[in-house]
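Got a structure for you, questions after.
A, B, C and D label the chains in the order they appear, each numbered from 1.
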Amino acid sequence: MLADTAYGKSGIRLVQVTRQGDRHVLRDLSVAVRFEGDYDESYVAGDNSDVLPTDTMKNTVYAHAAHAPLDEPESFGLGLAEHFLDRNPKLQRVTIDVSEHLWARIDVDGQEHGHAFVRERSDDRTAQVRVDRREAQVRAGIAGLVILKSAQSAFSNYVHDEFTTLPETRDRILATSMTATWRYDAGAPYGAAWQAVRRTLLRSFAGHDSESVQHTLHAMGRAVLDEVPDVADIHIVMPNRHHLPVDLTRFGLENRNEIFVATETPFGLIQATVRRS
Amino acid sequence: MLADTAYGKSGIRLVQVTRQGDRHVLRDLSVAVRFEGDYDESYVAGDNSDVLPTDTMKNTVYAHAAHAPLDEPESFGLGLAEHFLDRNPKLQRVTIDVSEHLWARIDVDGQEHGHAFVRERSDDRTAQVRVDRREAQVRAGIAGLVILKSAQSAFSNYVHDEFTTLPETRDRILATSMTATWRYDAGAPYGAAWQAVRRTLLRSFAGHDSESVQHTLHAMGRAVLDEVPDVADIHIVMPNRHHLPVDLTRFGLENRNEIFVATETPFGLIQATVRRS
Amino acid sequence: MLADTAYGKSGIRLVQVTRQGDRHVLRDLSVAVRFEGDYDESYVAGDNSDVLPTDTMKNTVYAHAAHAPLDEPESFGLGLAEHFLDRNPKLQRVTIDVSEHLWARIDVDGQEHGHAFVRERSDDRTAQVRVDRREAQVRAGIAGLVILKSAQSAFSNYVHDEFTTLPETRDRILATSMTATWRYDAGAPYGAAWQAVRRTLLRSFAGHDSESVQHTLHAMGRAVLDEVPDVADIHIVMPNRHHLPVDLTRFGLENRNEIFVATETPFGLIQATVRRS
Amino acid sequence: MLADTAYGKSGIRLVQVTRQGDRHVLRDLSVAVRFEGDYDESYVAGDNSDVLPTDTMKNTVYAHAAHAPLDEPESFGLGLAEHFLDRNPKLQRVTIDVSEHLWARIDVDGQEHGHAFVRERSDDRTAQVRVDRREAQVRAGIAGLVILKSAQSAFSNYVHDEFTTLPETRDRILATSMTATWRYDAGAPYGAAWQAVRRTLLRSFAGHDSESVQHTLHAMGRAVLDEVPDVADIHIVMPNRHHLPVDLTRFGLENRNEIFVATETPFGLIQATVRRS
């Protein structure tokens, strides 16, 4: 018996340049396409007669981009999904994942250059569109937003047992590379809403008096719901990029909470969804 | 409203050496622990009084390993899960993920050395244990098994449309870095069953007359069910590491299906679960 | 016979927080230490009596940072080098490599936050200090500056032979992740000079009418020498991150130089040093 | 003034299948080509009239492979170098780097399969060929050989100062991912010599009573010179993949040198060349 079948193409890299005179607009995307449907014969019998090759999926992404300047990743994904559903009768659900790699215009003597760009972001803008024969679901997101605060962060009053060695602290570094996805109500202005969510995530992270990663994660999610009415729910994942104070007493020195070692493994991993009740 | 909360520790690296005279047994694991439970107060109010720190989870992994030589990743995970459930009343479900990095003994003049090792595998042995207050689920797996066949692989007779450029072929290279997880019936001998699954995956991959990645994936899953009775279902994921024939006609040369470029992106991604009916 | 011996510690992660009231200054460094000297006995005879352990090198980096707020990576490296040469009579030359990971302050309602930060740069600031018993050499640098221009870039009039398939073009995308190192004259103001070099690299890249990566690389190096008098020479390495126009004619569409695939491999790799004559 | 100019193509992935009936021979290479020569005009004036595009270098690699089954990476590199020098009058020196990714035949019921393969090695075989108008230099190598020994390894009797915290030990884990390159005397049988060097590196690592990474590195280099007469010198680089014993006394447990944490950063880095005197 066969279940959970899916196939598709990942890592489709698409860059589109739209020229408005000397000013170019650059969209830089990684796209993934995933088909779920009545494809058991291809698995069981090796019968490909209903199979759209993943190479053709890739070509379709490029052809689709050629029809009109890319606007929002969400709209682009929806258009692609509709195309695939129209053409492939055995297809039941298609998922399009888009990551947009963000470029800033190079600043030349205080002016933004028209067609020269620099990567100034650690984070990508993401979108996921899942469409079946009845409905379309759209989630927007942000991936790899690397943030750190060196005050207003504590971790104390937790469970202690015989394996506890972590010291309690009222003043620690909190750092993460956050990833979040959220769902919009119908009609949300994708671009403006995304900027509002990012701004709110940064502001609420900066201002929060944190008792833990969990505590700050919830505050950030809640702030997004409070300040961006188009967002229906938000799911946030935060690895804890631990910064450990170095024990300088071994060298006859004092560490006034100033010298830290940044570690990669092991790492805490915290997540939750916050939604309107 | 809060949902889908989870927290834990990832990337816990544990190496255990067990000495049997001059012959050492080496177990090299990466472990992740994940808690789900009634922890909303830590998110909403910053109240950590029920929170076991992820640092303590890590310490517990090491302490647990100290009590007895590691045997199977599955058993080690089950023991850890039981420990955490016993101690943490708010914990409802705990998931332990283990990846075992496999070492071979160095061969010295035809003899296996007792305490010197070399990494000779691309693949890891994995196990996932999920335990709640009522039941335990165990899945075993293999990650990153890099395999290639240069014959008995075709891809043809697929859907053609105006975006099709892929040529049909009855003789291509098929390569992948497969990942699979499977569920055992109760009482399966973990170590022996894992070896049998790996052996069966390799043999069925080698021997299959492939019409597509889907076709071979199913054949491999089915072979495991046929030959390893302890396996109840198997989920397989196969990225298609495309090897494209180089067009040498541009240089006045013929490519008799001998010269290929190995590509990383974009890549096909195929998956399915095969289970006993 | 033994030659080219060297040993040291790499990947030392150091984060320093300096508090000026509510405003914190964050320095985030990766440091590597490398010793060259009369250490043959440790290799040949296993005699460690002159060997400073690499673990102690690491500790020394943290202790050294505790003595004073980090200012410039170059000065920090010079201080460390002096320390090691003073203490280790067999040490002939010490190299300190520093990469500074740059953080921006989070903007909250138009104001820079005092102690909350976001990674907004693809590039690191680097410094390399090599000191022996007679002299000190200092090189500054930038690593991973990801830049792209969608106009003023051509590649044509090159050698053609029977293996040429690349079409000539007067309008292509030029993209790279540049790395450069440069030497200052004595007395250069490290921080201000670094900012001036980065600004000049960006401006000259943006403004150049490029006939090739080589051509633009030279123009950028020359601009740095022209505009930053403290720089004596500059070595630049530029991988060519090819953006290839997609052939849409196969789908009955025209590509007006708007749709590109961004590729990672294979990649061109171009380098040169530009120095004052 | 311009110096140290070089340009070329990296990341050229070439897979060749040679069919001997049902038994296929697979060669899987990554190739890099690097030109040094009289190319200043391309940098300074944007004059490409002497520039062979890096895209053509890539095509030439594939065309060259089509002429004959690949034998040894060294010979393949030498042939390519000769081709480029013959055709490009401004070229003064060409460097060809080859990494061969090694595949094992899948074992089916005790028999090696003819055309199905599995990656069973962490290490690559490498070769570097540098040829100018007067001479050719060939270096062979091995990259990423991951090895570990859990006995016969100590580190003690080293320099102590006020920053020393590392405990001395007569029994530790020694692990590394070694990379080495070596030079052959003229006429060496490349394939057989490479196998002999790899075997000798493994055997000498396994058998050595190690006082340090330096000590074992030298012993391994010396063993290669002793046992493989074709090798004139060998350069070895060994990162120290530290395995630190976990302090279990904090939990009331004893660590009888059995429980370790494997770390990635920071890491020691040791290197030397051993040559015949």
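In this section, a contact is a pair of C-beta atoms (placed from the backbone, for glycine too) under 8 Å apart; a residue touches a chain by one contact, two chains touch by 3 or more.
Remember, predicted model here, so these are calculated numbers, not experimental data.
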item: Neighbouring chains shared between subunit A and subunit B, ordered by label; value: C, D
item: Centroid comparison with subunit C (C-alpha atoms), farthest chain; value: B
item: Rigid-body rotation angle, subunit C and subunit B, from Cα fit (steps of 5°); value: 180
item: Length of the line joining the C-alpha centres of subunit B and subunit C, rounded to whole Å; value: 37
item: For subunit C paired with subunit D, centre-to-centre distance based on mean C-alpha positions, whole Å; value: 25
item: Distance between the centres, which are taken as Cα means, of subunit C and subunit A, whole angstrom; value: 28
item: Overlap residues in subunit A, where contacts from two or more other chains coincide; value: 13, 59, 63, 163, 165, 250-251, 264-265
item: Residues of subunit C defined as touching subunit B within the complex; value: 162-163, 165, 250-252, 264-265
item: Contacting residues of subunit A [partner subunit C, same complex]; value: 13-19, 22, 24, 26, 28, 59, 62-63, 65-66, 103, 106-109, 113-122, 145-152, 173, 202-203, 205-207, 243, 246, 248, 250-251, 253-255, 257-263
item: Residues on subunit B engaged by subunit A in the complex (per definition of touch); value: 1-13, 32, 34, 39, 42-56, 58-60, 63, 87-88, 155-159, 161, 163-166, 210-215, 217-218, 235, 239-240, 264-277
